[in-house]
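Have a look at this one.
The first chain written gets the first letter, and so on, giving A, B, C, D and E; residue counts start at 1 in each chain.
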């Protein structure tokens, strides 16, 4: 089954934490949390298995440290939250044309240094998704061919979807 | 009620002006300029069921140089506003603008505190003659708006008024 | 002979031709929008005057009273010259068209040659217009219009040569008077050449391409090149292009009816007159409009292939067959 | 060589079939609804701008609870009511709808506890200024109930 | 042909198929580097109709975001309604009655037919044929009247609610829908005769802009674009949701991957949707259209959820991140048109300008769905 093959392949990565989720209630089969630097490796594995990229979602967890009680980040499938600082989370959704298996690849990075390697070399389709996530959150995708604003005006310097965005 | 158009010649030939306005009123060529959902209703007005060609307005010209009416059909985003302004300036006089749909009148459903992306209404970037509310307005409302523009041009309405109840 | 009646005659014919061209354009605008409407199951112009008859008048008034905009970087001489050139070429061709037995402005014996001389300059006018308006879309469409017209001049002229071989005269009046009633028209194989119905078809397709009418309207392709070579023209500049196009459509169809359908000859041969000429030509114009609202646009290569690989070989075959037929004793 | 002629034959036939279809449609009756002269009645569920409903006695059913004002996604409704001393229930003074921001989602009509709001049927509004469509529903309701 | 296009020595010029262009059907600019009429480089520029849907998702309640879903891809607005409603029902765990599920599928399929009809007219208009647009819009008007009698609006529907529907269908919806099905089944052969078999159309579409299956996978293209290149991926069959498993319909797939294949797929999909609507009308169960206990204020539990539905243009997905409050924490809208357009740059290289317009039309894009 595709899900087994891919979960073993991804588990081989050093910092990967693979978790099976119930598709009926969550909408995806596998939730894999990896460190930002290992992202291209995970994407290459998924590419070899014939997955296609569906979407890249940026999430701004501002005020996560201050919030009392178990935050969303504490759930098993997330990467361990950074001890010191709030974080940006980027979720890559992959799916397979032939066999149904949606993989949610998650990474987290500190809000002060939102730096993550690009996967547009492996998936050209991710090029625009990354530019859009950069538009909305200011996350810098290192060695991305052309990180100019995609949806915002060319000279836009603000990032509207950050929680601390003031118009 | 001739258009208070700032480019009127100093000398007025009243009957000639009336004739010119009558000619202009009956052959308003709209500029194909659809932005969003209202553009689909504008297309639905131009086709077989509500046929704008009956009033001489069926000739949808793609080039701004040959059109008289700019029907702003859809939301005006800040990135698009300079483009719309250039299109308006490229249209030769006499020209008119119809704001079709709530987005073109005052931003419609996309207005909220702290919105960064849209211009709230076409009248912020160019003079608008006719406003047609609705989201999207039915094709009959666009025909009604064009008849109102003709009334504004010629001063009288040749067609029966329709009240919906 | 004194000069006076001659001047009156010239003045009458000049006024007549110009009035006819204006009326013809107005009528064709109305006819095209009405026929297009009914093909598309809608009404077309209706509110402006009875049955929308005043619609071309309203369009004319509006176009005349529009502000004439000349783009800043445009080459103003060429920009202004092009619509005037298109219009004058289309009008001068009317001089030799025989509308009736004695109703022809100037009955010269090389009428056909004059028509094709002027029709081929029409291409130059389009190119000047496209180049002069300094707009990328206009330049691309001007280049297309030139290659299209050149490609379709060749088969058209070959067909005209075969018809001149049959009628042995280039005087349009003589060509028409050779065709009597319906059975003597050149379109039928027993009159001219064996393949003359095919020749008529090729001639008709070439007139479509010559006048940039769909499905060959690559010059003024609305969905790709915004508005083709008249993108930058507003008001009467665009109006003149409109008039020129409709005048050349009329000329093309009139020529087809003269060469093949016996211009002003009556089908029953009893009362020839200008009305037959108009009926036949406007029937052909109806087919031109009908074709426009049915077919999509061909690509440039599809268009050129059609001309060089299909129309030119067929017209050469027709030329040879007719020559052979005229030389050898044939039962007809 | 035969492919050449066959292709021309097929092409020509498909063109003639196409022209046959358009000719057949040309002679059929037109489908145009000549709007100002002929109109089509709106379906009962048509969503025009909202209006205050009249009950049998002709007055509106609004109890100024403000549910519609809170639920409206675009904040088009502004409601004013005041409680005359002595009376228990609030009285509606002004009900203003800014139709130029409305997206006709129907949440107000659906969430109103006393079903005081209905969708009006006027589908052909057009005006010379944007302000014409800041509608005062109370005044409209009074005119309608007279 | 393509080696000529990439020869850098020849002089090229930049042509802007600008934000206002008849062929782009909306505010999209394509920066074309042309060598004569061959496209050397094509780069779409987006953002001219960006309407901040995702920002609006974060500052209003779940129900208040409902009208936005109708304005993303306004041609198949009901599929987007369906996607959003399903993701919130999946998150909040709301079950909906059988009749509501069937009515949802019927109205979504009717909406898909109206979207394909408008695409067919606009696509043929891009190729230069004016008349088919009028015929398809004529059919579409019948459909819009039918849907307006049920939902109240013609284009931007806001008909679904969490747990069911806004209102039930009246009793002349069934006969109206069957009459439309009968009429549409008579009209489809006419369209095939007028368009598919026409030699000029075939010449303009066959072999134009082939898109390989690998390119579809690399760019994430779904819907008719992927099915045109031999990938049998349809969310209704691949990841069944709602009551689609009860319907039997098949997925048209073509191998060539050129514009003709993408055109034929959508024509076959109209027939399949007609079959689904017919089966839906036959099996429509009686009963309520709204779930019994649906909380007034929806507060889905913490966590993130994903839902994909098959819209007319591809798989429309929503990733909802909820923090337990009454407003979504993050609402990502996966637009099928964005991925379908992203392969335009690579696939259009070496094409002629008119062929690029035909290729763009065969991708069937709705620009506000791309810019969100």
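Please note the rule applied: a contact is a pair of C-beta atoms (placed from the backbone, for glycine too) under 8 Å apart; a residue touches a chain by one contact, two chains touch by 3 or more.
Being a predicted model, the structure only gives us computed values, none of them experimental.
Asks: Touching both chain B and chain E, which chains are there?
Replies: Neighbours common to chain B and chain E are A, C, D.
Asks: According to the touch definition, list the chains common to the neighbour sets of chain C and chain E.
Replies: B, D
Asks: On a CA-centroid basis, which chain has its centre farthest from chain E's?
Replies: C
Asks: Counting only C-alpha atoms to place each centre, which chain is farthest from chain D?
Replies: Greatest centre separation from chain D goes to chain C.
Asks: Look at the interfaces D-E and B-D and say which one is made up of more C-beta pairs in contact.
Replies: If we tally the contacting C-beta pairs, B-D comes out ahead.
Asks: Taking each chain's centre as the mean of its CA atoms, how far is chain A from chain D in angstrom?
Replies: Distance between chain centres, rounded to whole Å: 42 Å.
Asks: Quick one: chain A and chain C, Cα centre-to-centre, how many Å?
Replies: Their C-alpha centroids are separated by 64 Å.
Asks: With chain centres taken as the means of their Cα atoms, state the distance from chain A to chain E in Å.
Replies: From the centre of chain A to the centre of chain E is 26 Å.
Asks: So what's the Cα centroid distance for chain B and chain C, whole Å?
Replies: 36
Asks: Scan chain A for residues touching two or more other chains and write them down.
Replies: 152-153, 160
Asks: Tell me, which residues of chain C touch at least two other chains?
Replies: 37, 39-43, 46, 222, 226, 293-295
Asks: Note the residues in chain D that touch 2 or more other chains, in rising order.
Replies: Answer for chain D, listing residues that touch two or more other chains: 15, 18, 21-22, 25, 30-32, 34, 73, 103-104.
Asks: Which pairs of chains touch one another in this structure?
Replies: Every pair of chains in contact is listed here: A-B, A-E, B-C, B-D, B-E, C-D, C-E, D-E.
Asks: Show which residues of chain D lie in contact with chain E when the two form their complex.
Replies: Residues in contact with chain E: 10-11, 14-15, 17-18, 21-22, 25, 31, 43-47, 71-73, 103-107, 110, 119.
Asks: Can you check the complex and tell me which residues of chain A touch chain E?
Replies: Contact set of chain A toward chain E: 24-28, 50, 52-55, 57, 59-60, 72, 75, 91, 93, 95, 97, 100, 102, 104, 123-125, 127-129, 136, 149-153, 160-161.
Asks: Help me check something: in the complex, which residues belonging to chain B touch chain E?
Replies: Touch list, chain B to chain E: 32-37, 39-41, 43-44, 47-49, 62, 74-75, 77, 79-80, 83, 87, 109-110, 112-118, 135-136, 138.
Asks: For chain E, which residues count as touching chain B in their complex?
Replies: Residues of chain E touching chain B: 18-22, 25-27, 47-52, 55-56, 59-60, 67-68, 71, 74-75, 118, 133-135, 137-138, 140-141, 144, 154-156, 367-368, 371.
Asks: Report the residues of chain A in contact with chain B in the complex, numbered from low to high.
Replies: 152-153, 158, 160, 166-167
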